[in-house]
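Naming follows writing order (A, B, C and D), and every chain is counted from residue 1.
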Amino acid sequence: MTTSQQATASATEEPRPRRGPRAAEVAYRYGLVAVLVAMLIVFAVLRPAFGTYANALIVLQSVAVVGVVALGVTVSMTTGGFDLSAGACVGAVVMVTALTMVRFNLTGATAIVAGLVTGLLVAGVNVLLTVVARVPDLVATLGTMFLFQGLALILTSGQSVSAGMTVNDAPAPGKYTEGFTWLGGGTIGSVPVPVIVFALLAIAVYVLLVHTRWGRALYAIGGNAEAARLAGIRVARYRALAYVVSGLCAAVAGIMLSARLGRGDVGAGDPYLLQSVAAALIGHAVLGANRPNALGTVIGALFIGVMINGMTMLNAPYYAQTFVQGALLVGALVVSYTLTPGRRERTVR
Amino acid sequence: MTTSQQATASATEEPRPRRGPRAAEVAYRYGLVAVLVAMLIVFAVLRPAFGTYANALIVLQSVAVVGVVALGVTVSMTTGGFDLSAGACVGAVVMVTALTMVRFNLTGATAIVAGLVTGLLVAGVNVLLTVVARVPDLVATLGTMFLFQGLALILTSGQSVSAGMTVNDAPAPGKYTEGFTWLGGGTIGSVPVPVIVFALLAIAVYVLLVHTRWGRALYAIGGNAEAARLAGIRVARYRALAYVVSGLCAAVAGIMLSARLGRGDVGAGDPYLLQSVAAALIGHAVLGANRPNALGTVIGALFIGVMINGMTMLNAPYYAQTFVQGALLVGALVVSYTLTPGRRERTVR
Amino acid sequence: GCSQGPSSSATPATSAPATTAAPASPAASVPAKFASGDVKIALVRQLSSGDYFEQWLAGAEAEAKALNVTLQISSGDGNNDKQALNLEQAVNQKADAIIVDHGFAQTVQPAIKKAADADIPLVAFDVDPGTPKAVALSQDDHQIAEQALGALKADTGGSGDVIYVYVAGFAPLDRRNETWTKFKTDNPGIKQVAQIGVVNSSTASAVADQAKAALQANPGTKAIFAPYDEFAKGATLAVKELGLQSKVKVYGADISTADIGVMTEPNSPWVATSTTDPSNVGRVAVRAAALLVAGEQVDPALMVPPALVTQQQLRDGKITNITQLTQAVPALVTPDVAHVPWSAS
Amino acid sequence: MTVPAIAVSGLSKTYGATRALDDVTLDVRPGEIVGLIGTNGAGKSTLIKILSGATRPTAGGITLAGHPFTPGDPLAAQAAGVQTVHQNIDDGVVFGTTVAENLTLDSIAHRGGWFTTRARITAKARAIAGSSGLSVPLDAPVESLPASTRQQIVLARALSRKAGLLILDEPTSTLSATEAGALAEKIRTAAATGVAVLYVSHHLSEIESLCDRVMVLRDGRLRRTFTAPVTRESIVEAMLGDFAPHPPATPERDSTMTPERTPIAAKGLPPTEAGRSASVEPSASAAPPSPGPTRAGKTASVVLEAAGVRTGPGKVALSLQVREGEVLGVTGLVGAGKTELLEQLGGARRLVSGEMRVDGKPYRPGHPKDAVTAGVAFAAEERSAQAIVPGWSIRAHVTLPALWAHSRLGLLSRKSETAAAQRVAERFGVRGPGFGGNRNGAGIEAAIETLSGGNQQKVVVGRWLETGPKVLLLDEPFRGVDVGARADIGRVIRDAAPLAVIVASSDPQEIVEVADRILVLHEGVLTGELTAAEATPERLATLMSGTVMSGTVNDEETE
């Protein structure tokens, strides 16, 4: 460890042929970001319309809802949990907000509260199952998923909710309020509201996970729950916290989605589970984190959003898009993970 | 090690307070099975048509494809992996078999081989990513999922494949052969072929996991990969084996699905991911295993199949089915997991 | 795709054109913009997978090629918010015209309004555009249901147990459901003994499993009304697997090459389907959009009428694919709907 | 001369900038027991990992029984007759499986029939357990067993296989004297049949009594080789090198050290190592000096008081008190109930019965957090399962129990965290990649897995002092630390006045070194209480084996 040792250390570089450890490190940390930037450049060159401010906003708006769900999923993953119910929560919140306004003719504010309460309800069921009844996370949230997917259907006997729908042979009294719709389609400056919400939540989750003691505790639980408990962390409460954050994020996403759809679509939340899990998982590979992290999730969501938007602009046939998406993702993953410094030592083969 | 120590060991048995160990143990081991049996009885009483041999075969046939996929997913879970690409594999196999027969006018046997090769290809990509490139399982199989979902689309430019389809302005030359279709709709005795395949595969996977060295090795890797490696188990090979089994099971399921549909439906495989994961996860709770196991997966698949069949027979509205499914699942899970013997001691709070 | 050349010349008068554009004058000169190939039409779809959407697209692409326009295709893949965003993007890119293919009114109307404000001509298929500036194109779903139910009523004599396949939330299915509800009140002899339905990427096999359960529970069933071809295929599979072909008949809607195969199989219970030709609808949509780009008049409410296709008809005509079907059932081709004067077809 | 069972030449291993092994050349002959010793981080485990195929060397060659051998993976090494027990026992057992499955774990990697049944596994396991004298229910889930039992399972497995070379890395760290003695017997038997043995331990008495030759590693280099009989002084000197006498990690604390309580290793010679086995004669300095009046004098106030507590349901209740500045030792054989007692005191386990007070106020922790809040710090027994968060830095490990102290409004202060981590690293002389030299500050950001076992132990024990506790509960704090560090930890514990400390260890010698007063448990029952002055190894041994000291006050007979 002294200077002599340092000299030895540098001398030992030769036996192991290291092709530019720096390059590997950089590729590891920035592999996914680099692919993202490359995509941006290629698309912007091929389609000037891609590289415009207006289009950037559209891309951002297209990832905002998924991104918000994914941020919640990320938090649930930090403790080693996994929230399979996030998509179902989005769907239930869409239905609840729509019903509140359309069927019960209540205000937008009431709908927002109802949506958030639904998110808390989902979180509550998850907490009861995982923390109180000690059902493993994956199975428990799977159960919750069915429960709330079912609830969203039952609430309306499986029908979608839209202004003027028939309820008991009379048209429903209410409709989406303007204030509520603004949450989906409105802008502040020229920036759509969902984009602003996404940005704010991303910052909040980033600060929570990286810069607060609660975030540290969440990661500790994910790393070694018993060690966390013995270090005086109330594991049950933090796991509950993680599900509450996840449920609330899904609720916020559901509210924004409902506002954008302008109606309560049965099954509206379904695509969001896979997409948000994908964004959060891709995020693991960002900046060498190798664990759930807010920044990675944002980049993961952008990665998917940019890819789809750019490919659509290039008029790539829709049936080729999934494949290219898969190929790019696999490429980025391979770059990121094979070049992990020291990985060869650690990984079990 | 001496007699005195033996005395200690046996003496220490008593202090562990066991409040009604039998009842709890039974509920834990048989909770899910009990709920399943209760469902069977209720349905059979309410609808005599439910409790018939013919209907039993219908239920079994409805779970056969999902069950086969789920068996593969179960094997991939034993090593601590997770095969998100199983559904995409089913979809790709459906397309490949359809193309082989319809577009290239080859025999059913060729189609089967092509389907199995596709399954191996999916497994190969998974192995390359997880074992060679060391990408974490969830992310890696997510990438594979996109890749093969995309491949299934690209193969036909997004079109479904059916006899008489137009290829380059001429009708496709081939059609599903009778032998191939038999795999989906045929019977042996009165039992449908998919049910027989499901049963055989279930036994094979059960034997593999419980009664072979390889199965033990798979579980050991799932429990503690480093310990397994240090004990001389070739972790990389076994993880590859797990994905190969998973890919082949998905391929078999794809072949049966293709035979049943009689056409290559784009996206036919998509619903099978969630359903098979659900079956495998529910299976964890069966017989107190608390880990992936073949018997549990079969029961998990039956659980879902019986529920859907029975509810449909009872004329329960379709929109209520998901909810009831969720509620029953949650109930069974709570019974199984809260009553785990000694769980209160072990779980971290 | 389906080549339509011969059939158009044989267009009979049976197809009552809902509307006509400018009087047909085959020699009309091609507008400059079309001649130079600069016209870009954005096709914004709600869904893209499935036979119906494939054929629809094939028709649209063939017509686009014929008219020398570029189609820019995007799909929401079932995510309605994504479809709305794609629509906004098309407006943003200043397409010459936009075709909205399916979608939910409340969701796409704000974006359609943006298109209208930007003076981009717009054709909305099977979705209410909510503005008179846009052209609403639809296939007549009520009539589709009526035709299929007409066949059902004729075969059953207006009484018997029927299983109904339906999932709420899909606009065409909801419209067909309205007709079914009315039909039930008008025909008290028809009894709905079970309602089933699933929509996912493997609809047919999921519906088959449910239908089998329902058939077991209701052995007296005479017919299954499955007004969507994936439903009908599932129902057919269920009847076949239970060996009930002689007792239970299936009445469906929509058609594709694969469906023709299923209907003409020996002993197939699927006896009738009411349908438009999706590729024809796709053609009409593109023609209407092209007319709007050229500044021509288009009826703001275009309607494509359906035709009833029976198993007997298919068998008799030895029809195995859509191309042959459109030849045999000329009512499926509607060249007069949104006729483009400068086009050869 | 016989062909060496194993011979390595020029073996080196680097981890990034760290030279864990540097040009090591050694051999072990059949039938020979070679001791491998060195301070924490010297490179012992690294050498063993290479020989067992767990990791690859950077340079160097190995020959096994005369044949060149490139250990590609553990299976190849095992096939070549190298049986290894690694330092971290949790790398040896698979949680979620039974004892029988763990006993037969390596057999599933080898040839043999592919078909197996539970009965066959149990039969095989019974044979292995029988030959090792292991008495554990074979169908017990392995995660429910204490560390010592798991260690014995791993040992039984390794000993059951035919080996040319047997490698044991700190096999006795979780065992108590009886079990360690039994193990030594088995090792001798194996050696007598021609097995070469490479044995790592920080217990010099074991090395002394067991080994034919002793090799000393320091900073990755092989410094000296001794042939039996060895003198402890010489091997300690070779081990510590420039560090002998072991430098106090915090010199400023040196002056405050009570002179009569700084014996043993601070002088570079820990003669008291002998006490590992009670039969070994006590050395002169083993008799600890009587505690100074300020330390354990009756004048100091009682900090933690427990009345009527039990080690488990159905055990006899006992009472205890610790005063300010006092170190209370708890000893007893493995399974005596030390951990269960400390876990209750630390809130990690539900209190079976009785009452507790801290500073006179009622204390009833429902969770370790309550204990921390009340000023009770509890460092648990098993490092890897109960303290290590994989991938985390030293800094994050240090601050985990006191996150609130390093944050304002919930926001963590990196500066405050760094300072705390550096204090711990300095106080306990933590050494690992990035420490020392001109790379100051980098060390505490190293991932904890890159530290040697003993250095990890220093971090996870030392961090509890940073919570500013009134009572410090240490369960087996010396597990895996070298003689120098053991003295360091002992010194810091004693100096941390006015802290009240309870130390549990199954090694009476360790207890004698640090404690002012000693409680002895046997099968969950208190068999005696001694002051440090009264505690001779013989007396302790008698009490530990179950003889109840006259006058021992147990609260009541039964529940």
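Simple rule for what comes next: contacts are C-beta pairs under 8 Å (C-beta built on N, C-alpha and C of every residue); 3 or more make two chains touch, one makes a residue touch a chain.
In this text the structure is predicted, and so the values were computed from the model without any measurement.
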When I count C-beta pairs in contact, which pair ends up with more: A-C or A-D? A-D
Rounded to the nearest Å, the gap between Cα centres of chain A and chain B is 27
Inter-centroid spacing, chain C versus chain A (mean Cα positions, whole Å): 36
Taking each chain's centre as its mean C-alpha position, how far apart are chain C and chain D in Å? 75
Taking the mean of the CA coordinates per chain, how far is chain A from chain D in Å? 43
Two-or-more-chain contact residues of chain D, please, as numbers and ranges. 73, 367
Contacts with two or more other chains, residues of chain C listed in rising order: 48, 167-168
Touching two or more other chains, which residues of chain B qualify? 153, 158, 226, 228-229, 234, 290, 317-319, 349
Any two chains that touch count here, so list every such pair. A-B, A-C, A-D, B-C, B-D
In their complex, what parts of chain C are in touch with chain B? 1-3, 48-51, 54, 167-168, 193-198, 200-202, 204-206, 208-210, 212-214, 216-217, 219, 237, 240-242, 256-258, 260-262, 320-321, 323
Counting only contacts in the complex, chain D reaches chain A at residues 12, 14-19, 22, 55, 58-59, 73, 219, 346, 348, 367-369, 371-373, 378, 380, 385-392, 396, 399-401, 403-404, 406-407, 410-412, 431, 435-439, 449
Which part of chain A faces chain C closely enough to touch in the complex? 49, 54-55, 58, 61-62, 65, 157-160, 162-163, 176, 181, 185, 257, 260-263, 265-268, 271, 309, 312-313, 315, 317-319
Which part of chain A faces chain B closely enough to touch in the complex? 125, 129, 131, 133-136, 138-140, 142-151, 153-154, 156-158, 221, 225-226, 228-229, 234-236, 277-278, 281-282, 284-285, 290, 317-327, 329-330, 333-334, 336-338, 340, 343, 347-349
In the complex with chain B, residue positions of chain D that touch it: 52, 54, 73-75, 77-79, 84, 86, 90-97, 101, 105-106, 108-110, 112-117, 121, 132-137, 143-144, 152, 178-179, 182, 312-315, 335, 367, 523
